[in-house]
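In the two complexes below, chain A is the common chain; its partner is chain B in one and chain C in the other.
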Partner chain A sequence: MQLMKISNWLCEDFFRRDVINVSTAVPNDNLIMERQSSIQVKGGQRKNQLKCDVESIAGCVSQRACVYCGARVVLNPVTDAIHLVHGPIGCASYTWDIRGSLSSGSELYRNSFCTDLKENDIIFGGEKKLARAIDELVEKYESELVFVYSTCVVGVIGDDLEAVCKTAAHKHGIQVLPVQSSGFIGNKSAGYRAACDALLRLIEPPGGARPINSRRPVKSVNYLGDFNLAGEAWIIKDYLKRIGVEVNVVFTGDSNYRDLKKAPEASLNIMQCAGSMSYMARRMEELYSIPSLQISFLGLEDTAASLCKIADFFGEPEMMRRAKELIKEETIAVQPEMERYHEKLAGKKAAIYVGGGFKAISLIKQFREIGINVVMVGTQTGQEEEYQTLHDISDDGTVILDDANPSELERFMTEKGAHLLVGGVKERPLAYKLGVAFIDHNHDRKHPLSGYVGAVNFAREVYSTVCSPVWKYARETGGGLYAAENSELPER
Partner chain B sequence: MLDCTPKEIIKRSGGMINPAKTCQPIGAMYAALGIHNCLPHSHGSQGCCAYHRSHLTRHFREPVMATSSSFTEGASVFGGGGNLKTAIKNVFSIYNPDVMAVHTTCLSETIGDDLPSIIKGAEVPEGKLVIHASTPSYQGSHITGFSNMVKGMVTYLAKATRDEKKEQVNIIPGFVNPGDMREIKRLAGELGVRLIMFPDTSGVLDSPMTGKFNMFPVGGAKVEDIRDSGNSKLTIALGYYASSDSAHLLERNCQVPAITLKTPIGIKATDDFLMTLRSKFVQEIPNQLEEERGQLVDVITDNHHHFYGKKVALFGDPDILTGLTEFILSLGMQPVHVLTGTPAGTLTGSGIFEKEIKEMLAAAGHEGRVKAAGDLFELHQWIKNEPVDLLMGNTYGKYIARAEDLPFVRVGFPILDRGVHSYLPIVGYRGAMRLVEMISDTLLDRQDRDAADEDLELVM
Partner chain C sequence: MPRKTANYRNVNENPCNMCMPMGGILPFKGIEEAMVIIHGSQGCSTYMRRHIAEHFNEPIDVGSSSLNEKGTIYGGSQNLFQALDNIRKVYNPRLIGILTSCLAETIGEDVEGMARDYRKKQGLDNFPLVGVPTPGYGGTHSEGYWLALKKMVAALARPTEKHGGINVIVPNLSPADMREIKRILELMDVKYKLLPDISETLDRPIARPYTKIPPGGTRVEAIRCMPGAVATIQFGITVEDNVSPGHYLQSEFGVPLYNLPVPMGVEATDMFVGLLAEITGGSVPGVLKLERGRLLDCMVDSHKYNAQGRGAVFGDPELVCAVVRTCAENGLYPAVVATGSGNSGMKELLDPLLAECGQNVDYLDETDFMRVRTSCRENGVNMAIGHSDGKFLTESEGIPLVRMGFPIHDRVGGQRLLSVGYTGTTNFLDRVTNTLLEHKHKNYRATMYREFYREAGVKKRGCEIR
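Then we have the complex of A and B:
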């Protein structure tokens, strides 16, 4: 048993579980009728498609965000850019440095710049103010790059962002890029796309897009979809260096203007967060003939598989040898600690509610590595194929849901007896109120969760919250302590 | 280093750098959470609602529930009436609150949705209520939004139903933490005055751990109480910016006299609050409160030498700042920079903030820079040009504190990087004691940290 587990982590054979492709409808009490098709339980009679990638219903407590939010999270880690929000104050103040993307250089991106539109600007248009704001900022801060984000109001009053940016770029001799991210034009995914469009314009070589294979260093990759939260991109860069691969530029963790400009020179794109970057990868393949690989550095299994995949792509036996060596070395180094956590955590049950589908898939595997079964899994913006995979790798009885609201999360976590929820800011106190442990896999995480170090951090974090002494008291309050022999709360 | 702020001050007109305020809807959402069994609803696109919920969640570390009209392109072209009607239907059938409190966002304001008519035309189940506030973010700040939603409560709910007013006081506490609201209720309770506080987020955003998730926690002002506020003898609005307008609206609508007082931070403002209650309702201030006041004066006496002459920079919401400035002065410290992001003049009586603070400073024989509608870039520049010994304000101050190597006390909204604050008051005598502790601990920790070995003292 022990041995088999280690061999999984070493990833000689990427495991694939036998699954029964069936699901049942969900009982409908307490649920909104329209929501039923967005929820399924693995393992029933009939297999039906999960409804996803649709608008939320008006009047639901949705955990979802907007287009601007999607664009902002992707672009914000560009460290030496002026990120100017064209809109009223709120959109800017809520996105001020909430992300925890680390920088090895400029800290300019951690400021909050906003045109702070007022009633007059709404009536008469905000273009002049925007132009003024760009002038003032460029004068104050040395930067070769300005991103101008449009928000809902700007979309409605129809300011010509494109024109203002062009004039400003010309005037100052720098790049000023509009980001078409008005909140109402879609959901977060549309924002990812808007961000990628801005990035594509940024990296476009003078004279237009064309393949530039000749200048390419052979083993140089772009690392897409890592935002360097808690320094995660640095960990992966180090691994790749050790197997002989140079990271050309990260999109967008700890990136800067100069590095991003070099992006077309890479010979391969590897992609962590597919939700935000698959469009970018596709376009770069079309424009610059850079192929891409979907990888994941979450958990031992995925990390090992990804390193092998990359080495395999370059087809060099030496690289593969070094990859295997790295995997072995790192796995052995973390193995004792991982096993200790595995022992303590075995049999616990987890619920997942995260932004994208790909992260959810990785998380299921990562939980298995420490002996935890996932009993509920959902995402805000998962895509059809991702839900398909989620369904395939889940155990029978697992609840799978799209764009869930808090009542649903509560209901399924309670019903399934989850000990732990993985989610973002808004889910944390919800879990705690239920006496359920929590870990953040979004903005507010404080430790890197990527690679081998990340896998241990993840396990440690799960352990520290699931096994916190506080849950003992949590069970006692709520009438358990003082009301005689009343202990209806489930043992967690 | 996070220090991107140049020292030289040049005039700007192109917007904000590092805002000291946020937008109206979050204030409206917070106020609405202070009604029992109420679900706030954001009429606009999903993003705003998600941001407001996240931000409140980070500050209070509690679940914050609110629904959204989930605008898409269609709604923003043809109007959001349909979305709101669907939302009203869904909210009552799914979550079943007693009240749904709708606020607008920039988007729905800009396209000009007429909320009162939409609400009138919607199917609201028997016995249920939909109230609303207009909260465009391109005016005012989160404080304006709070004020607007409280006005909505008065407009929709408060009724004068009898000739003679009841022996009870309405207290509108302003944009303060639930811990502060509890303390204000306790103070009035000690006097034995019957009070109606609205909004009241205690028990909603500082609720105890029960092992259960309640969509609607036990706290919040009851609708029948807010209704009955029209029958009260007096309304005390705490804080000019967040509370005064609604108190005066209640005065106009239901003939309940209104008095606006400072948020009771520090000795004088707390005295004023209690004396106002005494003058209208009771003969005496109970011993218990005399004792608390005496304790507060005692701790200030014991520590005043730590405070004397220290220069302080303060920023945050205007009502908190007026109380805080007065208190800081009473400790013998000197507020040299006071800045709020909320513009003066969006409510009745423009320029009040700057004038009031300047008068307080002048009375104490000091001068200082004071500004409404400022941003933290500007505050940072002021500090660079005239350094201070202490910075007080919300979490965003940590950038300045680090860049200038300043001791920093967190107070106000939002505090995103520390816990517990929302449970413990800064108002009343006990709240003031807590402030004294926070300020002197911060200053003395700093002194200890910086002391050379031979200067480190055991007794301070």
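Then we have the complex of A and C:
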């Protein structure tokens, strides 16, 4: 058993897929009718039949945010940009320094600038105020790059962001990029796309000239979809350096204007957060012929597989040798601690509710590494292919759900007897109130969850919450954790 | 000294306030079995839920009408009706608050009219749907809070027989503060209706069974019979009449209004306790006298340390006034008094009190944190009191922050912070004094070394802390 586990972590078989074929059962009582097709219980069907990527239903208390939010979180880690929110104050207030993204240089991105539109601006239009705001900020902060985010009202009153930004760019001789992120024009995914559109305009070489492939540094990659939360991009950069790969620029963790400009020069894009960056990768392939690889550095198995995948892409035996050496070295270093947690945690059951599908897939594998099975998995903005993969790798009986709400989370965690939930800030108090342990996988975290160090952090965090003595006292009143063994619990 | 207001014109650099609907959610969370919906795009409710959940460490369910492009163009009544249907199905609430967002207001949605239509359509004659127009650009969360309360009272209050009770209307205080106010009311043997009452709903114990709407809160019936009270005590000296529920009860139903400062500090708590004694004709119980004595003892213990503080106080106007008064009573005078709200009247309210302190006070309203930061630097501020966004002052200027108010999202226990009444004030002042002491002890070796060590050729030590 131990041997098999370790060999998994050593990425001997990283394209493994399970096909499961059992009977179907969809729960339907006490739920909102319109939501039924977004909830599924794994079993029987070969194909995933979950409905996803649709608008949230009114009154369902969705955990999702808006288009603006998607754009803001993707672009925010660009460290030396002026991030200006064109809209009323709330949008700027709720996203001020919202991420735990770290910078090795400028700290300008940690400010929240806003045109703070008032009633009069709504009536007479906010374009002039926006132009003056850009002037004021550019003068004060000497940045070469301004992102101007559009919010709901701006979309409705029809301010011409494009024109204002163009004029300002011309006037100041810098790049001023509009981000079309009015909150109501879709969901968070539309915001990711709006952010990527702004980034694509940013990296476009003057005159749209495509860089010639042969001039590219051979082993240079762009790292897409890492926001350098608690230094994660730095950890991965170091791994890649050790196997002989140079990171050209990270989108967008610890990135800056000058580095982003060099993006078309890389020979490969590797992509961690697919939800936010697959559009970017596709466009860069079209525009600059840069191929892309989907990787994941969450968990030992995925980290090892990803390093091998990258080495495999470059096709150099020496690189592959160094990758395998790194994997071995790092795995052996974390192995004793991981095994300790595995022993304590084996047999526990987890629920997952996170933003994107790819993260959910990685998490299922990561939980398996520490002996935990996932009994419920859902995302805010997962895509069809991701749900197919989730369906493929889930155990029978696993509840899979898209765009869930608190009452569904409550119901399925309790029904499935989950011992812990992994999610974001809004989900945490719900889990705790139900007596369910909780792992933060949100974007303002202060410790890395990527790579080997991240895998250990993750396991340690799971252990610290699932095996906390606190449940000994809360068990009589708690919910899911002791649901199965507590006789006082009403039948569900 | 000229008053500095509207100190940014075109750009707000790091907001000192939040938007109207955010403030509007909170009072609905203090009504028994109530739910609230934001009519607007999905993001608004999610952002606000996240913020509120982080402060209270409680699940915060807020519905959204999830307005999309279609609803924005053709009107959102269908979305809102669907939201109301679904919320009623899942939560089965006894009251629903409907707040508007920027988006809904800009496209001209009349939620109060839509609420009437919905009631008619569903045959819900007596079901309370309280519409509150809260455009995000119409004011800060403070105004949203008070407007929601006023609309609630206006929607529910009906002429009732005199029942001898007192209405107590509170600003955005912590659940622990609300429990303390209730304790004092009970000690004074007062029959009261507290509005809103988040003391249980947003600080709920681990208990089985888990219910989707937490138990507790002001009962709908209690609001209905507020007009029959002998008096209203409202802690809202900064609240303008047009959004004041106490003022509404006075002008519509003739309930005498006593608008008091938040009962923090000796004077304001005396005022509250004294007024209760006067209205009820009772006397102040011994236990409160003891607590008052302990507060005085705490103040004597700490007044000299407090005298070394030059404070920056920021946040909701009502709480800012309370904190400034409390600190000033113990010799800690503010140099910067700031709020993101406009027309707060802070200067008029505080100037007479601070006239004697002999130091310059910079009043900033409708301000942002960049301006607060500059002012702190210019005025030699050495401690800040306010909500979590003030961590920015600590990070950039090395000014320690005593967390107080809403939101507190970088520490646990926002819901447990006790600061009102004699006991709460004691608690609060100790937090302030200990922060000053900690700051001083951390820095004095380096400071003295820097200022007075003059020996030539000696390498500067590396332990210097700003």
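Here is the rule we use: the second predicted complex is superposed on the first by the 460 of 492 C-alpha atoms of A that agree within 3 Å, B and C clash if a C-alpha of one lies under 4 Å from a C-alpha of the other, contacts with A are read in each partner's own complex, and residues count from 1 in each chain.
Going forward, contacts are C-beta pairs under 8 Å (C-beta built on N, C-alpha and C of every residue); 3 or more make two chains touch, one makes a residue touch a chain.
The structure displayed is predicted, hence computed values, not measured ones.
Enquirer: State whether chain B and chain C clash or fit side by side on chain A once the two structures are superposed.
Expert: clash
Enquirer: Would you sort A:Leu108 into first (chain B), second (chain C), both or neither based on which partner it touches?
Expert: In the superposition, A:Leu108 contacts chain B only.
Enquirer: Which partner chains sit in contact with A:Ala474 here, chain B, chain C, both or neither? Use first/second/both/neither.
Expert: both
Enquirer: For A:Ile122 in the superposed arrangement: first (chain B), second (chain C), both or neither?
Expert: Both: A:Ile122 reaches chain B and chain C.
Enquirer: So, does A:Pro88 touch the first partner chain B, the second partner chain C, both, or neither?
Expert: Both chain B and chain C are touched by A:Pro88.
Enquirer: With the two complexes superposed on chain A, say which partner A:Cys196 touches: chain B (first), chain C (second), both, or neither.
Expert: neither
Enquirer: Check whether A:Val250 is in contact with chain B, with chain C, with both or with neither, and answer first, second, both or neither.
Expert: After superposing on A, A:Val250 lies clear of both chain B and chain C.
Enquirer: Let me check the overlay on chain A: which residues of chain A are in contact with chain B and also with chain C?
Expert: Shared contact residues on chain A: 32, 55-69, 84, 87-96, 111-119, 121-122, 129, 132-133, 135-137, 151-153, 156-157, 183-187, 406-407, 410, 424-426, 428-430, 432-435, 474, 477-479.
Enquirer: Spell out the part of chain B that touches chain A in their complex, as residue ranges.
Expert: Within the complex, chain B contacts chain A at residues 1-2, 4, 6, 12-19, 21-26, 41, 44-55, 57-58, 60-73, 75-76, 83-84, 86-91, 93-95, 105-107, 110-111, 136-139, 141, 208-215, 341, 377, 396, 399.
Enquirer: Mind pulling up the chain A residues that touch chain B in the complex?
Expert: The touching residues are 32, 55-69, 84, 87-96, 107-108, 110-119, 121-122, 129-137, 140-141, 151-153, 155-157, 183-187, 406-407, 410, 424-426, 428-430, 432-435, 444, 473-475, 477-480, 489.
Enquirer: Can you list the chain C residues touching chain A in their complex?
Expert: Its residues touching chain A are 8-15, 17-22, 37, 40-51, 53-54, 56-69, 71-72, 79-80, 82-87, 89-91, 101-103, 106-107, 135-138, 140, 204-210, 212, 340, 370, 389, 392.
Enquirer: Where on chain A is chain C touching in the complex?
Expert: Where chain A meets chain C, its residues are 32, 55-69, 84, 87-97, 111-119, 121-122, 129, 132-133, 135-137, 151-153, 156-157, 183-187, 405-407, 410, 424-426, 428-430, 432-435, 474, 476-479, 488, 490.
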